[in-house]
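Next up: the structures, one after another.
There are two complexes below, and they share chain A, which is joined by chain B in the first and by chain C in the second.
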Partner chain A sequence: MIDEKELAIHPIVPDSVQHNARIVSNIRALTASLFGVAAGTLGLESLPGFIFYFFGTAIVSFFIYSLKADSKAESYFFSPMGDLWAGDMFGGLMSFVLTWTLFYGLCKA
Partner chain B sequence: MSGIVEQQIHRDPALFYWILLPITVVMILTGILRHYLSTLLTSTPKKQTVAKLREQRSLMHAQQLRGNFHPISKAAFEKRKEAFIEGVKDSKFLADPGAKGQKPNPLQDPAMMDGMMGMMKGQVAMMVPQSLIMGWINAFFSGYVIMKLPFPLTPQFKQMLQAGVGTRDLDVRWVSSLSWYFLTLFGLQPVYNFILGSNNAASQMAQQMQMGQMGAGAVNPMAGAEDMDKVFNAEAENLEVVEHWYVLNGVEDRLLAKVGKF
Partner chain C sequence: MALVANAINVLGILFLSHAVYSAWEHSLLPSSSLPPSPSSILPQALDPKINLPLDIVLETLASVFFLCLGVVLSSPSLKPIQWSAWAGRLERCKEARKYTEFGVGGGNPYENLEERPGFLDIRGANRDFAEWIRHSKTT
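Take a look at the complex of A and B:
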């Protein structure tokens, strides 16, 4: 863990952290809805649908890492592992399910 | 037998235009309405007397000093600390030095009542549309299935999601309009984010989470109901035990270590 002295010398600005988190969550919400549209149109059911979602979010994570964060995740996120890769994995799940159900209902059933 | 053959129900495509679309539109509009309603209902904080304000600010000053002691030198910190402790001893900061030691009644304080009214308003703005829409959906759109979920659910959900359908063997994946309501309730947050900007008050879910955090003690409306003298004494004690260090100690070495590489 980072000790107090280190934090005072290199302070973490809460505004910037919030800004980054908001950008990431916006990207995730939008892409999750689009993945839902895709999954519903393809007619994926149950497990393949969720696997599609997680696969998609992993790709989006990679794009955020390489395009938005210039491959330097540690200078944009407090803890890159938690904030960028693992965290927010489930943030877009509800919107994914929403659009998935809608487009599945429209196209298949 | 019925487990192997997939149940198929042919539905009128008009169901989409007359049920799914209206519910979605109504949910989005209610979210927007709730956002503007809560913006309108937020009461501006009342002006406080000078003494009360001084009490709050000096307490906040002490807390800030305790949290951010490292950018000032040891002598400056000691000076500020002494000044605060001195002031607490003479009860210089108290809004009402005569009322020392009495526990004020929160219900008599008009400011407290104001805070509670604000919370009540928030609750009402949250609960009323929710129950109204559920009632509306139950009254107009219950009794038939409208869509099929793309994922299986356990039979426990049958009671809730197929309310009023009354077919025992029907797969749980066929659901009535109420489940679409729930899906939109949980999934529309990003839509509100795009329409209203990111710190909106549209989603009930986000608001309920906020309520939970407030209950945990972040913004307690009863916080003013304590004996201020005790609070100040506790803060002075906290300040007393702070172990001070200065952030500029050894800055030359750090600078040289950073620049010396070149």
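Take a look at the complex of A and C:
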């Protein structure tokens, strides 16, 4: 449980929190459009496309966790569940749909 | 590490463009407009209905996988959020100990608290000023 006393004993650096959140959101924005390209090329429709996106997002989260955060998520993210595993999951959804529809139209129609 | 990440990115982009081009070429075939046979395991709503040959599907998935890896590897590294870890790394690393401008750098984030000027001896300054005035009057 994180309370005021815990924060007073172990203070956190807001600059680093911001920097980490920006990097995660950059990675998510880039990879979301990549997943859109793949989903459109494969010709996925409706539910399988969204499942593909969430599956890919989970893989990217695992990459960040193992390659960037040295498998210690709590020392790089204030709340690992919200900032790393589910962070910006729906922010990339719109760019995913954009490139998904574009490449579906290019390769199918 | 940056070189490896860039190589992975370039390879991924090459394979992805090749896969997308192959999928487009495949869509021009007259046989490609036939619907694929429905899956026997998955329910109807979850059936991906992929109408592509297996090699194009595998190439697309592998290139996207490698591009994700490259994007994650080529992004700048995260910073520790605990103040103790962050400040400890700051004091150890060489370029952070260099002074870039007044009050910035030096490696110690608490430096402006640790090295503060003491209290000004206002009575002593007053006495010195009076002395200086007296000297200037006599000369």
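The rule is short, and it goes like this: the second predicted complex is superposed on the first by the 108 of 109 C-alpha atoms of A that agree within 3 Å, B and C clash if a C-alpha of one lies under 4 Å from a C-alpha of the other, contacts with A are read in each partner's own complex, and residues count from 1 in each chain.
The working rule: contacts are C-beta pairs under 8 Å (C-beta built on N, C-alpha and C of every residue); 3 or more make two chains touch, one makes a residue touch a chain.
As the structure is a computational prediction, the values presented were derived from the model and not from experiment.
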{"item": "Side-by-side fit of chain B and chain C on chain A, or clash", "value": "fit"}
{"item": "Which of chain B and chain C A:A58 touches, first, second, both or neither", "value": "neither"}
{"item": "Which of chain B and chain C A:L30 touches, first, second, both or neither", "value": "both"}
{"item": "First (chain B), second (chain C), both or neither touched by A:G92", "value": "first"}
{"item": "A:L44 touches, of chain B and chain C: first, second, both or neither?", "value": "both"}
{"item": "Broader residue contact with chain A after superposition on the shared chain, chain B or chain C", "value": "C"}
{"item": "Chain C, chain A and chain B - angle at the middle CA centre, rounded to the nearest 10 degrees", "value": "80"}
{"item": "Contacts of A:A69 with chain B and chain C, given as first, second, both or neither", "value": "second"}
{"item": "Chain B versus chain C as contact partner of A:L106, first or second or both or neither", "value": "both"}
{"item": "First, second, both or neither for A:I12, with chain B first and chain C second", "value": "second"}
{"item": "Chain B and chain C, minimum CA distance [Å, superposed model]", "value": "10"}
{"item": "Overlap of the chain B and chain C footprints on chain A, listed as residue numbers", "value": "26, 30, 44-46, 106, 108"}
{"item": "Residue ranges of chain B touching chain A (in the complex, touch as defined)", "value": "9, 16, 20, 70-71, 146-152, 180, 183-184, 186-191, 193-194, 198, 245, 247, 254"}
{"item": "Complex contacts: residues of chain C adjacent to chain A", "value": "16, 19-20, 23-24, 27, 45-52, 56-57, 60-61, 64-65, 67-69, 71-73, 75-86"}
{"item": "Sites on chain A touched by chain B in the complex", "value": "5, 8-9, 22, 26, 29-30, 32-33, 39-40, 44-46, 49-50, 92, 94-95, 97-102, 104-106, 108-109"}
{"item": "Contact set on chain A toward chain C in their complex", "value": "10-13, 15-17, 19-20, 23, 26-27, 30-31, 34-35, 37-38, 41-48, 51, 56, 59-60, 63-64, 67-69, 75-78, 103, 106-108"}
